[in-house]
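One chain, subunit A, links the two complexes that follow: it is found with subunit B in the first and with subunit C in the second.
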Partner chain A sequence: MNNEQGRKERLDRGIKVRTDGLYAIMSLRELCYLTVPRLVLIVGLLILPLVMPSMYWQRVISIVCIYAFLALGFDFLAHFVGLVCLGGAFFIGVGGYLAAILNTSFGFPPLVTIPIATLLGGAICTLLLLPCLPLRGVYFAIVTLMYPLVLMRIIEALNILGGTDGIMGVASFANRWIEQYFVILMVLLFLFGLRRLVNLDIGLVFRAVKDNDQAVRASGMNISFYKAIAVFVASALGCLGGACLVHIYMWSGISLFALDFSILPIAATVIGGAGTVVGPVLGCFILVPISELLRAFGTLRIVFYCLILVAFIVFRSEGIMVYGQRKYHQFERWVKI
Partner chain B sequence: MNNQPILEVQEATKSFGGIVAVNRVSLDVHDGEILGIIGPNGSGKTTLINCVTGFIKMTSGKVLFRGRDISGKPPHKIADMGITRTFQIMRPYYSLPCYKNLVIPLFSPRAKRTGGWRGGGKLGDRDTVGIDILEEIGFERDSFVPYKIASSLPTGYLKRLELARCLALKPEIIICDEIFSGLSMSEIASMVPLIERLQMDGITLIMIEHRLRELFRVANRVMVLNFGEKVIEGSPEEVMADDKVKEVYFGSEEVEEVMSHA
Partner chain C sequence: MDILIYGTINSMALALMALGFALVYGISRIPNFAHGALYVISGFVTWGFVRALGVNYLLSVFLTMIIIGVVGALIYRFILIRVRGMAISEIIASYAIGLAILEGLRWGGFKGMTYTLPVFVEGSVDIAEIPVDFHRLVVVGIGVAVVAFLWLFTHHTRIGLALRGMAQDERAALMLGIDSDLMAVVAMALGSMLAGLAAILLLPLGNIVVEAGYNVLILAIAVCIVGGLGSWMGAVLAAFLIGFAQILTVTYLGSHYQMVVALLAIIFTLILRPSGLFGQQKELEERV
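Moving on to the complex of A and B:
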């Protein structure tokens, strides 16, 4: 009797393990447990422009989304492919200038220039970064950090593409509602898209490249090819941000290559929770508005900003999302099955 | 047995600066054979197979696979042809569960070609195929083990996982770099039939080993390396009887023990 029970338990255990990834939706409560966090995020983002008090803050939301693109790209490259990318400014610049040129020289409307700038920009960035993809270590980070500086000085020195004045007279979005909902929907699309991607089979290959590139090579796969795909995804995201930014500001200049675009997404990733994909977006929604709020302090702004960053890193170094997810999953014990 | 060797290494030489790690080593392996490579630490065994599998570039020499020159090709191309290897220091994907570890080789071009594992269909998706391979290699299907994160596994399972990664590619040659080292006697005892079965399935094996007794049980031929040079090559009995080998392994108790059994 006892023996038989033990045997049954062993069999059940196997079944339980194999069905671990499956969710049996059994009650409204469990349904809520799974969907509410996602719905809060989606609905929250969608009503955000409506509750903003002024046009100034609505504009801030758009800028937050631009940073969110970069942070998503950074998190994807750093935590799922193992490439540390400091080239946010590079992607923004390439995407921005492409969109500006397509708009002013060829007269394409924003809804045409943005997809073209995204794909073409992603391809250009990937091509330029291709030589350092077979290397391991810090080289990728150094090269991505270098490119925006190079492009900025080239534009400045050769006085091409409007030189230091930049390209003016870029068309804006039809109105500010289209502008905001376009960037917000894009953030949501790429957020859930990337989450899906990293759990597909090809996403597992990316994660394997991060874990152990030699073993991937021994499995008969060209790691440079897979790294190139990943870099294309991340740089296309950045270029999308750049293209949107240019149409929001109606101007494209060398400030697109500013270091902010490289550094702030990294800070947002650290604060939001690395490797969670949604964390970096959350980080952007915390960091960028804080930096706007702190304008009241004038020159002391950066000091307070740094203090907040340090506080986050000391007290919640794992990131808000990692902490939040852990706490949330502890609720599961309360649900009766 | 076919006369043309499946893998032929001609005068492979690799020098790191002034140190010659592998010095004009030639070998040939025939279809379905198990070739053992032994030698003291630092004798160039791993360097030799790193050269064969393309992980490091040879200074000079040639590697022929079924008569085709594969020297100088990148490792993924060589693995794509069917020459797979395990690593001496196990290299699983630590953050993934075991069966997900096999999704990566099953995603490779070779597995898509040889296995028809595109996902879906009657063979099931890659997860299912991965679990099947794991079961074949000695993971208990109805236990937790295949579903555990690879970083939490003991050495014995990791060694098997290395082999499973090779098997997922449906290889023609598996090069095992010290697959027995670090295992307990009972683990080795359960590993030996596995090796024998791989041979019966028609896979050619090259095994680098320090565990001579187990190696001599399975190997058809054994090659001895010392200071990067080939000392002798022959059947296990010939190698055991050779004086030069005793000299190479002078003082090593295990060899003395094995020799005395011979």
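Moving on to the complex of A and C:
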């Protein structure tokens, strides 16, 4: 007779329980338990440009960070506000073109154009997406997927903003160290900023909008207003990425609306761990270098990519970070029932 | 007059592209973003049979349809079935499959101008002094036939009725002994075969290019959304709407705007009336 069944029991580690409150500062061990993972991330990111062997790989880090902006925005919108936005390329494009225009037509230096492009671009994106905000689920996803495509075709058809040639001669950063550390510090800033944001009161409202918007509405709050704020945050992140990208490549063109910018951050979020905010960044740091390593294979790398993505989404949909957090905070054992 | 004729042809082509997508979404509620990839791949399979292996054209069309149906069924049975019901995972997974197929084909060297399919019937005829080649007439004819066939199939056969039952209410269908997973596989196979049929009919008009996959996907989505996701007859009517709109813009504005029309149609329909022009209004499901 073999009808004994096992069940996996998960218990919080004692140290996790103790470090939840103010008591975390009672002992060095508990302080370390809390700070070491964060310090590893921060210090790791900061020394990354120094240990990279070549200019090429340093450039890859900048690109990783730009994807990380998008992935952060996607994760925030999808898993804290419930808006699945497949239009990362839209944000990149708007931010990129704004920065390029500000730089080439008005002559502002990068450190001025980037903040302006971020805020103004966020506002423009939010304004354009405003009519779609009441949409839900798959409808919002499809409509946002179409936005970058429309803008791309319109620029192509009207032959404005440089048409298919794009805008050339955008100024670059003063030197590559400024470029690297600017994007890395921005990633860290927004990473911890977003984690803070979702734990504030407004974060609570965001999650309520995701879980039960009718309840939020019944509480006398304007759902569209909160959704607009969330979209502004996410699109500003994307525009920041776009502005940095334009200044890194010194060129802005319709390839900014390419599907890569919509798909890769989503893949990174799925692989890194949805709803953890730090997971998507981790996912970018895994995926983008892999795709660079596979560059020799041409478009075959996209095939690899998609297969990895499908495998993750079908078999391991929780992602690396959720798995890691579980192992770090809890221990598991089999119990007989 | 030529607007009328070419509008009709274009609309029929759009309807053919979109029917497979509409069918799959209508029955299993899965937005099959691999639709464009299935379209392109069936073009290449037919090409392989006809040009590389030298099989009879009709026979190779038949074989292609079977192969693409099996491919669709396998994709559903082994991948999509596991993420069913999770809207975002469905989109990402099916899109990733489509992307993998398309980029795989591109890597495999299937690009350029060298891949063409033969037309069914050579020659052309003048309709009201507008030359129209026979193949385009064949497209319209088969398009009408497919719509009629689908209507008969879903109203008068056991499987068709089961599919419709599932589309209306899956739980009730389950209670009546309809195997919903099996039906979804059937729907996916049927949808893929429709994509394959569209490819075989439409690709002889031009070259087989990988990029067509993306355009077909966008057009299919545009038609289905304007017509209302999940509504087949809505899709056919919307195909005429978008088809004529496209021909009108090409005539009066320029061919650059052809795709813009489809994309703007998607955006405005979703904003103004997400369930489409002919879909049932499900206010609470789609917007707040």
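Criterion: the second predicted complex is superposed on the first by the 286 of 337 C-alpha atoms of A that agree within 3 Å, B and C clash if a C-alpha of one lies under 4 Å from a C-alpha of the other, contacts with A are read in each partner's own complex, and residues count from 1 in each chain.
The definition used in the following text is that a residue touches a chain if its C-beta (ideal position, glycine included) is under 8 Å from a C-beta of that chain, and two chains touch if they have at least 3 such contacts.
Quick caveat, the model's predicted, so the values are computed rather than measured.
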Inset, instruction - Could you look at A:Ala71 and tell me whether it touches subunit B, subunit C, both or neither (first, second, both, neither)? - result: neither
Legend entry - subunit B versus subunit C as contact partner of A:Val170, first or second or both or neither: neither
Legend entry - Partner chain(s) touched by A:Asp211 [first = subunit B, second = subunit C, both, neither]: first
Inset, instruction - Identify which of subunit B and subunit C touches the larger number of residues of subunit A. - result: C
Legend entry - Which of subunit B and subunit C A:Met221 touches, first, second, both or neither: first
Legend entry - Partner chain(s) touched by A:Ile142 [first = subunit B, second = subunit C, both, neither]: second
Inset, instruction - Could you look at A:Ile202 and tell me whether it touches subunit B, subunit C, both or neither (first, second, both, neither)? - result: first
Inset, instruction - Considering only the touch criterion stated at the top, classify A:Val303 as touching first (subunit B), second (subunit C), both, or neither. - result: second
Legend entry - Overlap of subunit C and subunit B interfaces on subunit A (superposed complexes): 214, 217, 223
Inset, instruction - Show which residues of subunit C lie in contact with subunit A when the two form their complex. - result: 31, 79, 82-83, 87-89, 91-93, 95-97, 99-100, 103-104, 106-107, 218, 221, 225, 254, 256-257, 259-260, 263-264, 266-267, 270-271, 274, 285-288
Inset, instruction - Going by the contact rule at the top, pick out the subunit A residues touching subunit C in the complex. - result: 78, 84, 86, 131-132, 134-139, 141-143, 146-147, 149-150, 153-154, 156-157, 213-214, 217, 223-224, 263, 266-267, 270, 297-300, 302-303, 305-307, 309-310, 313-314, 317
Legend entry - Complex contacts: residues of subunit B adjacent to subunit A: 53, 55, 74-76, 79-80, 84-85, 87, 91-96, 100-101, 103-111, 119, 126, 141-144, 147, 165, 168-169
Inset, instruction - Sort out for me which residues of subunit A touch subunit B in the complex. - result: 10-11, 13-14, 17-18, 20, 201-202, 204-205, 207-208, 211-212, 214-223
